[in-house]
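Two complexes are shown next, each including chain A; its partner changes from chain B in the first to chain C in the second.
What follows is the complex of A and B.
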C-alpha cells in the first residue's frame, strides 16, 4: 500500500508481448489527465499566491513575493480559522477514532443479526457529505428540529435550543454531524484488523482469565496499531480539509464561530475575491497536509518493517 | 466458549443503539419528506407524518404545487422553483458518475496492468507521479482547474466534471488495481505470453476475469466519489443541464424561502443511489478499503 513499495521489481517474460507503444498507449491518457489537473494548477496557484490578485481590481496583479502569506498569517480572521480548525480537529479525531474502535469491537461479536448491522454501518459514510450536512440541519434546526422536539418531550429542555445559530453550540453541531458521517471508515478498518487476530491468541488470553480491559489493552490493541495510526493521520487530514459540511450546515457562522480553514480559504477566494490570499491560504493548508502525509508514509513504513 | 445470557443481551442492546444512531437521522428526513409544512413546524413535531402527504414528491417530480403552500395568506409561501429540477440533477449525477466509472475501468485497468507487469525505464517515476498527485488538496487547485475548464470551453458541462473527477479518482484506482494485479498468480499469464498472446489479450482474457472483485471495488469508489463531490460541481456548473444533486440540494437548503419538507425530498433523492450501492457492493467496498488503507 506504500508508494515506495507499490511497484515491485520482479522480472517478467522479457520481450514476450511487451512493447514500447503498448506501454505508452496504456499510460499516456492517465499521465495526461492527471498532469493537466495537477501540474498546471499547482504551478498556477503557486504563482498566484505570490501576486496581488483581486478580482475587484482586474488588470493589476503585481508580484508581491511572500506578502500574501505574511498578510494572511497576521490576519485576525485567519487566526480564528486556525483556532476553530484546531478545536474541530482536536475533538473530531479522538471521537471518530474511539467511536470507530467501539463499533468495531461490537460488530466483531458473534451475535445474530449483526450481519445486518455491518451492512448499515457504511451508510453515513456513503452518502454525499452535503446530504449528511442537510440531514443534520433538519435534525438540529432551532425552530422545528426533531432533536429539539425529542428533548422537549422528555423534559430535557424547556424551550427550543438554537443549536446551529448559537455561537457556543454551532461548532459542536458541526462536530456531531462530522463524527456521525466519519466513524464508519475507522470502524471498517478496525474490524478488518480485529478479524486477523488469530483465534488461539484471543482464546488463550480468555482461558488465562484476563479481564476484558486487560485483554483489550494487551492483546487486542497491539494488533490494531497499524490501522490505528492510519486512522489517526487520515482522519486528521479529513478534519482539516472539511468544507461541504460547513457550507450547508452553518456557512461558517454564526459570525466566525464555525469558520474552519477550508471554508475560510474558499471565502477568501470566492466571497472576497482575493485570489492571491486564497491561494496563499490553500498552500498553507496543503503544506500542513503534506507534513501529515509524510508522517503517514513513515508510520506505515515503520509498521511494515515490524510486521 | 459460551457467553453468558446477560452479556449477550447487553451486546444486542448496544447493537440496537448503534442501529438507531445510524438510522434515526435518515428516518427523520424520510418522515419530514412526507409531512406538510404546517405539521413539520408543530412543536414537538410528530415522527409519524400526520397527516401523511405525497404532495412534496408530486411537486418535485411533476411541478404540481402542493395545496398547503397556497393557503398561507400574507406569509411568503416557502416554496422553491429549484426543487422540480432535482430529477434532472439526479440524471446528471448518474451520467457524470457512470462516465467516471467507465473511464476508471478503461484507463485505470490498462495503466495498472502495465505498472504491475511491465518493466521499463521511468516506471517508478510515473507511478509515484500518479499517486503523488492526490497529495494536493482540492481547495488548493480549485481556481486553476476552473481556469483550465474555461480555456477548454467546457464550463457548465458534464464532460468537465467527468474529466476532473477521473483525474482525481484514477490515482486511487491505479493504486488498488496495481496491488491487485500483482497479487494474482503469474504462471497463466506467462504461459499465455509464451504462446504468443500480447499483453492486451492476456489482460482481457486471463487477468480481468480474475480481477472482477477489484474492478467492482474501484467502480464503487469512483462512483461514490463522483456522485458525492461538491466543491468542483459548485464551481463548474451553473445551469440545470449540468448541475449535480449535491449542488442542487445545497442551493435549496441555504435558500431561506425553501420549505424543509422539500429539502427532505431532496435528501431522499440524493441518498438513495449511494445507499443502495453501499449495501450491494459492501463486500467489495470493505475489501478495497482494507486492501488500500488497512494493510499494515
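What follows is the complex of A and C.
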C-alpha cells in the first residue's frame, strides 16, 4: 500500500516534469550558465579569431577571415612552439603513464604500511601547479638551487649546473617537474583498475605457469584498458595545454627553448596584445586535442575488436 | 555635506568576540558615508545603521543616493580609488595611502599589487577586461602602448600643478612620460642603469679601479676566475620575463657610443658591425668563456642582488637603487659595493622613469578630481615638499626625477652612505631615455629579449638575432 502510494506520487511528479514549461524552467539555469560560460566565450573567440584585434589599436577590428590562422601557422615562433610541444608531450605522456602504472603495481602489493603510502603518493598532484613550479624553480636554480647544493656535496658535480638556463636541460627540467606533478593521478586510476581484477584469474594464470611479464601482458593490461584510455586522453590534453608550470618555471626560456603551444597562445594574447592571433592559436590547439582524442578512441576500439 | 554628530555605533572587534560590546565605538555620518563609499558596508547595512540612529528612511535613502552620486559623479563627495602597483615596498605604499587618506577625508584607496615580471600582462588583462584601476604604476616601457590602447589619459587636463613640476624633473624622466607634447604621469621614481662592482674582491685580484670598457671587464673577470676569487665574475639579470634585460642591453649599446634606433624610429641595431652587435657578441663571448654566469638566463634582478651580496659574483649592471640594497641590506658582502661609470667610450646609459598614471576608467567614473589629488600627493608636492619621492629615496634608495631633491642635505647624506651623489650626477649627465618608444615597442621588447637570450646561449648568432629583431620591428610597425 505504501509502495503503491509512493509509485503514484512518483508518477505524478514525472507527469508534471514532462510538461514543456516545467522542463524549460528547470533546465534554464543550467542552459544559462552553459551559454554564458561555454557557448558565448567559444563563439566570441571564434569571431575574434577572424578579426584583426590588436589591443593597441582599439576600435579598428576589421574582418580578416582566416588570415590570423595563416599568419600564425607561417610564423617561425609557432613552429618552434609546436616542435617543443610535440617533444614535451611525446616524452611526458609515456613517462607519466609508465611511472603511474609501476607505482600502482607496487601499491597493489599486500604490504603493511602501503595504505598510508597510497595517500601520500597523491601529494604532488594535490599541490597547486604554480606552487609546484616555484618549488622546482628553487630546487633547480643554477645559482642557489637545492639540487645543485646536494649534487655538489656528494661530489656528483664540480660546479653548479644551469638546469634552467641551458636550452637542452631546461626542457628536461620542465618535463621532470611535469611528470612528478602528474604521475599520482594515473597511479590511483591504475590502482583502482588493478583492485577489480578477479583474484582467481590471476591465480589461474600463475597455476598455468605464466611468468610475471606474461601475467602483466595477458591478464593485467587487458583489465586496465579503460583506465589506460582515460590516462592517455587526459595526460595528452594536459601536456598539450600545460601553461602554469612553464609560466612559473622558465617563462618559456631560455630563448624559446621551453616555449610550449599554450604558453605561446597566452603570450600572443596578453604579451603581444594580439587577441585575434591568440584566439586563432587557441582554436588550433583545441582542434589538435580533438583530433588526438578521436585517434585514441579509434585505436582503443580497434584493440577491443582484436581482443 | 559634512556631519559631526555621533550617529551610529560600530563593533570594531571580531564578530565572535567574547568581549561582547566592549569593542564598540561611535561613528559620525562622515565615517558612515566613507564606509559606504569604500564598499565596507552595503546599502542595506547603511540604511539600517542610519535608521538606528534616528534618521528617517527617506532621509537615509537620500543620503545613500548622494553618497552614491558622490562616489561616481566626482561632485566632491566620497570617492573610492583603485590603485594598481607592482610588488615593491607594499607596506610603504600602504602607509603612504593611509597618510593620503588622512589628508583627503573624502577619498579612500585600495591598493592591489602584482609581480613586476607579470605587470604588463596583468594590466593588459585588467584594462581590456573592464577591471581597470583608477590610478596605476606605469613605465616609459609601455607609455606609447597604453596611450594607443586608450587605457591612460594625459594629465595636462586633470593635474593642476603639472606645469610647475615639469621644470624640476630630470629631462630623461620628463621625456619618458611625454607623448605628443602631453604628459601622462607624475614620477614614482626615476633612476639610472649603472655598473656595480665589488671593490674588495677586485682589489683582492690586484685591480685598483673598475674597468673602463667592456674589453677591460673581460680581462678583469678572467683574472678573478684564474685566481679562484669567483667562478663566474659577471652576473646580469637576463631572465626572459624580466623587463630589465632590455634596459641593460640598451645601456651596453649606449655606453659604446651606439644607438638602437635613429630619429625616425628605424632600427640601426642590425647594421653590420653596429655597437648592438658588438654588445651582443660580447655577451655571447662572456657566456662561452664563463666570465658570465651561465645561470643569468634564469636570473632576475632579485636573484642577482642575492648572489652578488653573497660574493658569488663581482660585477653587474642593475638599476641604481640596488646599490642601496647591496650596501645596506643583510648581505655577506654588505658595504663592499661601488658604482662606476658605465664601461665604454661614452659611459652613457639608460635613464628611465616609472610613473603614476590616471586611467581612462577614472575619467569614465568621474574620479578625476580624487585621482588628481592622489597623483599630486604621491608624485608631486605636499606643503612644498616632495614627501613621497623623498621617503622612497631615504628608505629604499630609489632615484628621483625631482632634481631639487639632490640639494636636500638629508638626501645627500643618505645617498652618500651607500653610493655617491657626485658620481650619480655625472652618470645622469650622460644618461639617455630608451630609443624607439612607439606603441609597438612593448611588444617588440618581449620578442627582443627572447632573441637576446637566444643569442647568448648560442641558439642563433648575434647577427641573426639582431636581424630577427629588426624584422619583427618592421612587421609590428606595419
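The rule is simple: the second predicted complex is superposed on the first by the 266 of 307 C-alpha atoms of A that agree within 3 Å, B and C clash if a C-alpha of one lies under 4 Å from a C-alpha of the other, contacts with A are read in each partner's own complex, and residues count from 1 in each chain.
Definition applied: a contact is a pair of C-beta atoms (placed from the backbone, for glycine too) under 8 Å apart; a residue touches a chain by one contact, two chains touch by 3 or more.
Please read these numbers as outputs of a predicted model, since none were measured by experiment.
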| item | value |
| --- | --- |
| Partner chain in contact with A:119 - chain B first, chain C second, else both or neither | first |
| First, second, both or neither for A:291, with chain B first and chain C second | neither |
| Which superposed partner A:189 touches (first chain B, second chain C, both, neither) | first |
| Touching partner for A:160 - first (chain B), second (chain C), both, neither | both |
| Which of chain B and chain C A:251 touches, first, second, both or neither | both |
| First, second, both or neither for A:141, with chain B first and chain C second | both |
| Which of chain B and chain C A:94 touches, first, second, both or neither | neither |
| Comparing the two partners chain B and chain C, which touches a greater set of residues in chain A | B |
| Chain B versus chain C as contact partner of A:230, first or second or both or neither | first |
| Which of chain B and chain C A:33 touches, first, second, both or neither | first |
| Common interface positions of chain A, toward chain B and toward chain C | 137, 141, 143-144, 160, 251, 270, 275 |
| Sites on chain C touched by chain A in the complex | 117, 120-121, 124-125, 127-128, 145, 148-150, 231, 235, 239-241, 293-299, 303, 306-307, 312, 439-440, 442-443, 446-447, 450-451, 453-454, 456-457, 459-460 |
| Chain A-touching residues of chain B, taken from the complex the two chains share | 1, 8, 11-12, 14-15, 18-19, 21-23, 25-26, 28-29, 32, 40-45, 47, 107-108, 110-111, 113-120, 123-124, 126-133, 135-145, 147-148, 163-164, 166-168, 170-171, 174-175, 178-179, 182, 186, 190, 193-194, 197-200, 202, 224, 227-228, 230-231, 235, 245-246, 249-250, 253-254, 260, 263-264, 266-267, 270-271, 274-275, 277-279, 282, 285-286, 289-296 |
| For the chain A and chain B complex, residues of the former touching the latter | 1, 3, 6-9, 11-14, 16-20, 22-23, 25-27, 29-31, 33-38, 40-42, 44-45, 48, 103, 106, 109, 111, 113-114, 117-131, 133-139, 141, 143-144, 146, 148-150, 152-153, 160, 180, 185, 188-189, 192-193, 203, 206, 225-227, 229-230, 234, 241, 243-244, 247-248, 251, 262, 265-266, 269-270, 275, 278-279, 282-283, 285-286, 289-290, 293, 300, 303-304, 307 |
| Contact footprint of chain C on chain A as seen in their complex | 55-58, 137, 141-144, 159-160, 162, 164-167, 250-257, 267, 270-275 |
